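Have a look at this one before I ask anything.
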Amino acid sequence: MGARLRTVHYLEVADLACVRGGRAVFRDLSFRLARGDALIVGGPNGSGKTSLLRLLAGLLPPAAGTISISAEGTQIADREERAKFIGWLGHYDGAKPQLTPREALRFFARLYGTASDPSLLEVVGLSRSADLPCQYLSAGQKRRLALARLKLCGRPLWLLDEPLASLDASGKALLLNLLRDHLAGGGIAVIATHDPLDLDAARLPLT
Amino acid sequence: MFGYANPKRFMELSGRLLPWLGATTAILFAAGLYLSFTAPPDYRQGDTVRIMFIHVPAAWVAMMGYGFMALASLIGLVNRHPLADVAAKQAAPLGALFTALALITGSLWGRPMWGTYWQWDGRLTSFLLLLFLYLGYIALWNAIENEVRAAKAAAILALVGVVNLPIIEFSVQWWTTLHQGESIFRRGGPTISAVFLWPLFIMAAAYTLLFFTLLLVRMRTEILERRMRALALAANA
Amino acid sequence: MRALGALLVRDVRLAARAGGSAVLALAFFAAVVTLVPFGIGSDAKLLARVAGGVLWVAAVLANLLALDRLFQADYEDGSLDLLALSPLSFEGITVAKMTAHWLTTGLPLTILSPVLALLLNLPATAYTALIVSLLIGTPAVSAIGSVAAALTLSIRRGGLLFPLLVLPLLTPVVIFGAGAVLARLDGVENGAIWLLAAFSVAAVLLAPFVGAAALRLNLSE
């Protein structure tokens, strides 16, 4: 199975600008992340943290500047091409109230073309609610399910938007473990958060 | 942030063109209406035929308007020319207005001819559906708050509509033969004698110019409104 | 293909589960058809004549119920972002969505239609025409509806706008579909079924591309 990470050697952002609703959110943003690097993006509400992640994911077109990745020896600048390397953890978890965590994971495994791994439910501490429809899950449990999904999809470039939201202490530890694991395996991560995160990472404060 | 491709030049050009366009429209209308009312009554339809001079050009502009809107939408989508988006957006209410005019005059004409205001006649029915297409387009524009997104979505809808329009027209024609309604309005329209052709032609030209005159006015208004909003936003920031 | 299948199966499952749209669409279909005799009278001859048209109109309306939420639900809960980042193309997403919609709405409606036709006193000769026309025509409804759903996915009260957008576009389907039933009643051959098939094939082939264009624009502005 192709569950192994496809390698992204680096992510390079040059002179990036973002315009939302007629307002320039940020401009002239440049950085470069190589394998194993993490970047923590901070800043107050409305400073463009989410927009930056959406731009990196290719879910938004940049107003100016370029985003490119180097993967398997080739330079990729195309948005939809880049999307295939992204592991996404957004504000909303995409958990369908009618589906159980087990079903949700099986769905994402098939959708992303990776092997389904039910043991992941244990890793994120959901083994007891694995067969309960998601509508009965708490916000923190849904977040854990999203973490399992993120891990399962096996993408090399993680983009996490406020990943600590609604997680308890053990959930936060779990997230850190997953992140360190990911980085140690040669992955890259960009994390937007205004909570402190005990991770060896570069910082990018947006204003 | 409205980086349109030089609305300044458009404003200058349209500003200079507008009085001439307006004057020509007025002259054509005067001539067309004069001829319409001095033309002899039709041997079969009597004075009712005069409604045709109002109705047929309205129907023409109603259809042309949709074609224009679809073309502008295509240019807006492919060339990302915001002026084309503005043109398409502002053409829609005008097109809807002319469609409504065609429907009203059509049913007024139908009253003495059919003895009823509404007949599920192939053409009138097509225009009713055209009106719905226009209204849907306008509603979609108004429903989406993000202007760029609204322009693109509406453009896709206009293109889907223009591809569908001939099929809708065909299906409605097919449907009227299916139900064998007696049709006074034969395919190709009632035959028109030559004395009526001139007024009809001039009125069609007048309507067409009226459409474009009003379109320019509406486009200018929209551009000025956007400029005002941009200024207000800038002052706020 | 695996990814497309996964989305298809998930959507069918969501529609079929309790609170899903499949059963509601069927109930709506039955309710509309049941109301008709109360509106126009129970004259058996009249009902037999209008049965095909009534069933077709009701089927189209029932189809619209679940359509406006087709992409919106995924858009609102973040699933659409995850779909966009998956190996599945936007065209693939549209194909999976519209197929799932047809399997959970168009197909069950078609299967239920003979029972309702019975209530409307449709003559036995026209049953095949009714079922075949619904089987051929409802995919076009799902296809055109998917495009409109993709266009309106960000609109909060899109459900109100939706019928206005799609009804003129769906007129040919109703005309040819009901026309096919009427042809059988009158014992004539009017080619309606072929026109319907041609329209349906064109709609189903084009919809994925137009739907994908609509999804792209909605995700990227």
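In this document, chain identifiers A, B and C correspond to the written order of the chains, with residue numbering beginning at 1 in each.
We adopt the following convention: a contact is a pair of C-beta atoms (placed from the backbone, for glycine too) under 8 Å apart; a residue touches a chain by one contact, two chains touch by 3 or more.
Just so we're clear, the structure is a prediction, and the values are computed from it rather than from any experiment.
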{"item": "Centrality ranking, top chain (CA atoms only)", "value": "C"}
{"item": "Per Cα centroids, the chain farthest from subunit B", "value": "A"}
{"item": "Averaged-CA centre spacing for the pair subunit C and subunit B, given as whole angstrom", "value": "31"}
{"item": "Separation of mean Cα positions, subunit C and subunit A [Å, integer]", "value": "36"}
{"item": "Distance from the mean Cα position of subunit B to that of subunit A, given in whole angstrom", "value": "49"}
{"item": "Residues of subunit B touching at least two other chains", "value": "146"}
{"item": "Interface residues, subunit C side, partner subunit A - complex", "value": "2-3, 5-7, 9-10, 13-14, 17-20, 74, 76-79, 81-89, 219-220"}
{"item": "Subunit A - residues contacting subunit C, complex", "value": "57-61, 80, 83-84, 86, 88, 90-96, 98-99, 103, 107-108, 110-113, 149, 155"}
{"item": "Subunit C-touching residues of subunit B, taken from the complex the two chains share", "value": "129-130, 132-133, 135-136, 139-140, 143-144, 146, 148-149, 152-153, 156-157, 160-161, 164, 167-168, 170-172, 174-175, 178"}
{"item": "Footprint of subunit B on subunit C - complex, ascending", "value": "147-148, 151-152, 154-155, 157-158, 161, 164-165, 167-169, 171-172, 175-176, 179, 182, 190, 192, 195, 199, 210, 213-214, 217-218, 221"}
